[in-house]
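A, B, C, D and E label the chains in the order they appear, each numbered from 1.
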């Protein structure tokens, strides 16, 4: 039973703001690719795609979500970069019994106290970042930490997750400084980090903030003087704008890298062509493809577009595509899949444009994500 | 040795950094004050033109192979030209009206300029490297000072003081100030006020463009770099006293320092402290620190 | 500050026709969109009281709008209060904030007034970012609309709509009354020539303060309603962009006109709504519209339409 | 001083950054008279006005109005006590119509000015009085014209009407005739004489024929100090005054 | 009479069929008059007849104007006001136009010297010693009359051949008024041409060569100063005295 006889997918993302490169238009393209790959039709009807810009604002996101559900017969909203927007949409989706698929947002509350029966968190989260990067850095000898944290929910969340990992591995936290978001001048905070004497400066921020912090650390001779930076959430687009010169050697955790195998390369090449060339997808782009495709498969399997039933079906079906080779969805809405610890190549190692990462380690999904037992999601039966 | 629990070394470092930020505030607020002073227009697009300055440098490097030094000349010229076109085609229709219309128009322009650059170049920022001549740094003992940042402070000081001298100490300045109050009458004295206004606007935005070029190697060249800054720069101009040239320069540096200190003691408030200062100053000295009359 | 002259429109049938339109419109147009327009229309009308009739440009009105929204949302969600009480609390907070900000700001004029209000609003924003009650970037989400007076279920969109419409119409009539009252006449005089008003024996400060407090109270009311309509109170509501937006709405519609702010608000909301899907272009288009309005339709939509309406005998 | 003097200043002094504009002035204005304040330009007449009406704060000295010390009273309160001034540079409410300008003043006594919930219709009851006033100063034909569009002379006339609307006990007029045509000067002089019944008027005026014609007492200021005081005849005989103010040729250049 | 005849061949300023509007309202309705070189000419008329507007039109600073204004043979109706000023006209406005952001001294030297032949700064201060005393004060802090002096004084330096004075005696003490009378006569001796707007025709009579009477935005009569006494009744009825 398809309520209105058609399936309509809404991609709600940041099309004009800070995250429009790592998500943005590329996620719309990715979603369209998923629809095309699925065959473009479901139950004899064309699958429709609409998209909008939430400008990273909770109020705009919630307004658009409401309008889509009320007047546009949208069945599912995908992508949702930025936690605030994702939560806003989650509230509306919950109320309307619709499915929401989060790819770009990072924070763990989405699968904890903000979880819902119809809400999914797909690509990565701060927990996984901490497990990957935090753990690797401590193990390679970075025992003492100082955090530069973006002063908003996401930054706090990322810092907290990383601190947990650092301490669990026997490291110590010497201090932290919250910087305004967004921020362009990190020199002062870097100086404080330097004064702390910590071996590792953990960057609990994202996007332009991370980029600026890294560049300026180099400028002020902080890296040369022996301290190391750990970017706790770095996207390939960030590495691209930093340039290998600045980014080389950095450890980072990612859910996807375009140059991993033939499948990823093939998909990325297609994506890149559709984007007009010259760019490679971030994990958020790939994740959006994966989640939309999985949604469509599940809808077909459930033979309905009723949110809760589709959501049940989604939990049942395994995920196997170029993005998640062995993914599965848990009760709290977390899509668990393998993550990768990568190191940024030296300029001399890079063979061409966008040849940026060496994959150092594959982190099995169950290790990367918060154990279900620790979840505060009410849907998790204990 | 420590002061309030902060090692003096670190404190000096922070003060110096504050001064560097102040250098940008001073250059931007100077142009803004100049434009406000003569055109009575609160140039909301100042930030966008600053950004444009940085972008012109970046484009010149990537498409024409022009380096930093030529860019320091070319970018202000290009931006001044854009400014002059804006002034001649749009702003000049608004002088007889309330400030508010100028504010709105330039706000609209800022949106357009910023939007176009976003559309063309995304928002994550483009790298622009420090010129070879200024790479490296000095170890001052209490901190490592990148040579480039030192250069920024020097360049900004020279520019600001030069402008200040030209305006306060020459006849030109008297024309500018009188033209602010009663342009019709000044023109009736035989001075080509429209031309003077156009050139002033061009000069004001050229200052912003220079600041943009100076900023490019420090921050990313990004379409957002202007809008992040503009509100703070407004605050600087107001604290200094609207239209006061010296006021905007001194206040620019001073607030850079205040902000630097705040980053040490209460970093969360760093972006707000300027507004606190503004409230206090305006309540005690209604016309701003260097403003005349109320 | 002298802005475009006011265009009085006091023809009853015209107003009644508009109200009639308001009653049937939700059957044709998405009601949530209409409610958004009404909330911002009210916000702009409150702002216009200050700009259009006292000549004071506040660049910090988001503070009243936003904090009222926060308190209403918090009261409805965390304390489980009924919507009317939650709204009253929000408005009360806006009124108190308005009294404090107004008291500090009205001693200054023109651009200084604008900047003091901006600065104080930035402090308000800072508190909103830091205070736990607001939940930072996430905002207060999932606010229950509750039952009005314990009777009407506002979670029904239509019920909510008629509630918002009723509040809006009543507020606008009241604001219209204020402007045309003896008090309003003194305000206009003060706007024109303050020292002269003093010399006639008017305590200028008190008039301005009352106008400021009224304006902030209604801005608060708009914020409270908005937080119930969207079931969300967020940082966007207290940021300076919001303060700027209300200026734009008012100017687009026509400063110092009764209907102008509402028209401007609907226009801006519609633009945002319509162009939401197309990335940076929404910003560019907004920018172009502002530029065009400032250059060509300076008296705002209503100002441009007024002569036309007049010719048809619709407005006085 | 009892009832005789309505305004009295004691050692009134005002300094601006080291420059003394008014110095030790003891001015006494007799009730129900027209008192003129004259003197060369920059003698401190306007400053005296500003001090008495509290638009400026004195550096030193005391001001009494009806026997009460008003040295520390707010300007608006002074107006409500019955002392109202006009301005040297014309001051009208430019966007209000001529009628509304006068009504704003009448309205204050009506006591409804804080009533923001009341309809503006209730102001119409003031129209008759307002019309009388604009008629009296000769701007009735501009009743519904925005005051900003009046010519300079008519603005001055309107300003006087507005001031009179308050029906003040004491009226301070700063150069009420400045910029007026001869015709208006005469009409305004008549008007001032008419309204001076039961009122006290203190005025600054350079038009000597008006001063001669209207004033009961004249105080001459020079360089911030009182140079002379007396009737017109006494003053015009005073050689110091003639030299400092009237000029020997004042007959020839006399005012219309 | 002889001088008049000669002057006619040397008209410095010639206004023909001048119309002006403020927005909707039509203020000048075909103003026409001539100012011969070297004369002092007044415009007399009641309040609001358009005297100030005429001056503003001549200087090119009134909103919309049509018709013809020729200054020493050059048509100026389409010129911008700075170009007009550069031809040798200087204007002292009715509202004085003192700049508050400039000191008295700065106000004084603000108008640029257009041609040689103007008064030197010392000469100006000799005429108005009060302005020297208050030189460092802020322009608008001067008393009303002092501002009036400053407004006149500053245009004497520019070397303009023709001065437009809009009610220069307004608000001035009688001593100063007669002083200004002397100055105008001196300036006339020096060859300046002066167009004067005055309310005070007694004063005007002591300085002018001829008077134009303005009503409803038109010149309705011209009275040479010599025949003023004979035409006093007519004039009084024009001015409503």
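Here is the rule we go by: a residue touches a chain if its C-beta (ideal position, glycine included) is under 8 Å from a C-beta of that chain, and two chains touch if they have at least 3 such contacts.
Values in this document were obtained by computation on a predicted structure and should not be read as measured data.
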Chains contacting each of chain A and chain E, listed by label: B
Chain whose average C-alpha position is farthest from chain C's own: E
Of D-E and B-E, whichever chain pair has more C-beta contact pairs: D-E
Separation of chain C from chain D, taking each centre as the mean of its C-alpha atoms, in whole Å: 43
Gap in Å, rounded to a whole number, between the CA centres of chain E and chain C: 51
Whole-Å separation of chain centres (CA-atom averages), chain B against chain D: 48
Centroid distance [mean C-alpha coordinates] between chain B and chain A, Å: 36
Junction residues of chain C - those touching two or more other chains: 2, 129, 279-280, 283
Touching two or more other chains - residues of chain B: 115, 118, 268, 271
Residues of chain A touching at least two other chains: 16, 20, 151
All touching chain pairs, where touch follows the definition stated at the start: A-B, A-C, B-C, B-E, C-D, D-E
Chain C to chain A touching residues, read off their complex: 30, 32-33, 36, 129, 135-139, 141-142, 157, 230-232, 234-237, 272-273, 276-280, 282-283
Sites on chain D touched by chain C in the complex: 53, 55, 74-80, 84-87, 91-96, 100-101, 103-105, 107-108, 110, 112-120, 122-123, 162, 166
Residues of chain C that touch chain B when the two form their complex: 1-3, 57, 104, 107-112, 115-116, 118-120, 122-123, 125-126, 129-130, 240, 244, 247-248, 251, 279-281, 283-284, 286-291, 293-295, 298
Chain E-facing residues of chain B, complex: 171, 174-175, 177-178, 180-182, 184-194, 292-293
Sites on chain B touched by chain A in the complex: 7, 9-10, 13-14, 17-18, 20-21, 115, 118, 122-127, 130, 137, 143-144, 146, 148-149, 218-220, 222, 224-225, 228-229, 260, 263-264, 267-268, 270-271
